[in-house]
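Structure in structure tokens, see below.
Naming follows writing order (A, B and C), and every chain is counted from residue 1.
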Amino acid sequence: MSPALQTHALVKRYGGLLATDQVSLSLAAGEVHAIIGPNGAGKTTLIGQLSGDLSPDSGEIDLLGQTITHQTSWQRALSGLGRSYQISSTFPEFTVLQCVALALQAHRGNSFDTWRPLLSRTEQTTRAEQAIAQAGLSSRAQRHVSELAHGERRQLELAMVLVAEPRVLLLDEPTAGMSHHETHSVVDLLASFKGRYSILLVEHDMQAVFALADTISVLVNGRIIASGRPAEIRDNPDVRTAYLGDEELPQ
Amino acid sequence: MTASPMVNRLLIGLLALLAFVPLYAQWAGEPFLITFLSRVLIFALAALSLNIILGFGGLVSFGHALYLGLGAYSVGLLAHYQIDNGWLQLLVTVASCAVVGLLTGWVSLRTTGISFIMITLAFAQMFYYLFVSLKQYGGDDGLSISLKSDFGFIHLGSPITLYYAAFVLVALVLWWKQRMIQAPFGLVLQGCRMNEARMKSLGFPTLRYKLSAYVLACVIAGLAGLLYANLTGYTSPAYLNWTISGELIVMVVLGGMGTVAGPLIGTLVLLVCEELLKAWTSHWPIILGPLIVLVVMTARRGLVGYLMRGKSSP
Amino acid sequence: MTLSLFLIQLLNGLQLGVLLFMLSAGLTLVFGIMNFVNLAHGCMYMMGAYFAATALAASGSFIVAAVVAVLGGGLLGIVIERLMAQHLYMRDHLDQVLATFGLILFFNELARWIWGASPVFMSVPPALSGTVSILGVTYPTYRFFIILVGLLCAVGCWLLISRTRVGMLIRAGSVNPTMVSALGVNIGLLNALIFSLGGALAGVAGLMSGPILSVQPGMGEPVLILVMIVIVIGGIGSIQGAFYAALMVGLIDTAGRAFLPMLLREFIDRSIAQAAGPAIASMLTCIFMATVLALRPRGLFPVKNG
């Protein structure tokens, strides 16, 4: 079966800085592929090119068998790609329910209805409430985003990307700033997605990475220095060197 | 963004009052009241249209008077050729505003921020100069309109009919916007204002929606222009001037952007203030100018926002 | 159409271009560095012209008028920045548009009150009132003088931006304003300086325009709009962009007005050309801007963001 997501020699430069250096990786269907690396390695830049927020200087990106390198971010979203942001990117004046319902609305035909309230569409609202429950945020569904705590915003971030059931998920540090308990819930949730969704996961939380990942790629200075099964990565000397002082890889 | 019950009651009360103005004016022998409040309603209509893109969409258009002018000239030019059929004038208004709005919107919406402001201003001035250069249609002096719009069942030559035409349009647009705020289209617009990058990554082709809202706003402003030409019996390039565009923005912001009732209240307050100041001194802009600066520096959310504070979440 | 006519219009285009540059240099910096929409820039131009006209009438010396215009413009810039602009940097563009709109209303009426609604006359200094021979054509000395002054200002700006420490801070500020203030630079002083520099340049532009244009209330805004077109075409925050765009817009506007009606008459019925010519000419700069934006939404020389 063809990979859910694939890149071929992706390159991105910022002036003299090579943020993405010939990155070729492959996300197999139904698996979790984690990207790890020290701070400043270029992980968010890579995700940005995959989601369409940034355009690469050279290289190709394939999504579900189709080349999408020059597609806009909204075209990719409608093709089945969902992205969550490292820093929660939501709609401050809306309620949690409005945010999630709006996220779903993008996949429900056009939005030229100027008369009937969005939330009167029961099928969509029910689905939105389900996604909010999945993210563990049901009790806060009617709250405005500005009232949410940091961890809750991360949960909202997740709900917004899950509601449309995208085939491929790009998750940029979904557990950043979450408590131990919340992280655990997210890890369980993502584990339950294996087989159904294909997930590219950027993470710093090593326990989450090693609990979830089928494949791990290590990104250092924009370049992938190692890629393989978790056990191989754990024992890889280059990876240990890159991480010396940065993270403790779990034994 | 939902209006508090108190503001809704205020709005309904205001509308009810406005509905009775012509009757009162006739009884009290004050026809000026009808003329003045017609002007308020017409500009409120234009301000309401601007609010769709400015308040909901966050797009600071400094050239909205262009469409007011197009509507006025649609009447003026046709009347010049002895065509007073209101429906034809309406068709020309809608068509010209839609086409010009589509073209200028498509170019302008490729930019954001300061560029967008400047480009919308530049386009409006371009048409200003165009109408000034059309000497055969009055040029700088404008065109007087002796034949008012005839729609068959109503004739805008009657001040009271014109007043109620404006009133009905304002009420309808207010109602529509009230619905729009919670409808998919309105939510998408507001989403684009708050976080356009996220809207795109969620799967919304944002340009499509911004452009649609822009064209809609232009057409409604054109309707206001059509009414205005009938009110004044005159059309001129001055109607497209940037000062009018600026005043429209003041009306929207003064009343409270993004609120439904804001533009109506803002227009009423601004025009009443102008009338009072004009009666006091011929140098009234010297006072109005700093007054606007003061309002901007202090009242951040407009009058409706001021009334709504503490009643809804931040 | 003779060669001499063509050359004269070329020079006229240059003259308009340098005037536009003097006005757009300061404004593009204010837009680019402080992210501040200053619609009141035209007011500094207008006040510069009024200061110059009044000083000239009072003293009879063009040099005195020049000093008054530059100092007056610069001072006005500082006053506007300290009293109002600095409180609005963090606010959104809409608030800035409104506040500066309020200032325009104020200044135009102030001018009307002090100097009256009719244009104030400003004479061409006697030393510059003749003609010169350039490229084989006879051209008014004063207009040539404007071109020289404008080019001098351009060189001065270039030296300031590329050769001085202040210029370096300005360049850094246009790429990354937050970083510059984080580096401990007195950003308040820098901002006031930029505003007053813009005001001084606007004052010079007002001084130079006085003898050839009408000094009257509201004279700032038509020019301001042309200046904004220049800035958008050149790229916000870029003085280099402003220079090239100003010359382009100056040439296109002048040539368009001079030659388009003539050109149209060759192809279309005379009466239509008579009407359409000026109309299209006045829209030419806007059409040019629209074309540039369709191809390059960020202008011809966009400042690369850090």
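Please note the rule applied: a contact is a pair of C-beta atoms (placed from the backbone, for glycine too) under 8 Å apart; a residue touches a chain by one contact, two chains touch by 3 or more.
Model, not experiment: these values are computed from the prediction.
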item	value
Co-neighbours of chain B and chain A - touch as defined	none
Chain occupying the most central position, where position means C-alpha average	B
Longest centre-to-centre distance from chain C, chain (CA-based)	A
CA centroid of chain A to CA centroid of chain B, Å	43
Whole-Å gap between the CA centroids of chain A and chain C	48
Centroid distance [mean C-alpha coordinates] between chain C and chain B, Å	31
For chain A, residues contacting two or more additional chains	none
In the complex, chain B residues that touch chain A	1, 176, 179-180, 182-188, 190-191, 194-195, 197-206, 209, 212, 313-314
Contact footprint of chain C on chain B as seen in their complex	54, 60, 62, 107, 110-111, 113-115, 117-119, 121-123, 125-126, 129-130, 132-136, 242-243, 246, 249-250, 253, 257, 283-286, 288-293, 295-297, 300
Chain C residues touching chain B - in the complex, by the definition given at the top	31, 35, 37, 84, 87-88, 91, 93-95, 97-99, 101-110, 112-113, 221-222, 225, 228-229, 231-232, 236, 275, 278-279, 282-283, 286, 289-290, 293-294, 297-299
In the complex, chain A residues that touch chain B	51-53, 72-74, 77-78, 83, 85, 89-94, 98, 102-103, 105-107, 111-119, 144, 146-147, 160, 164
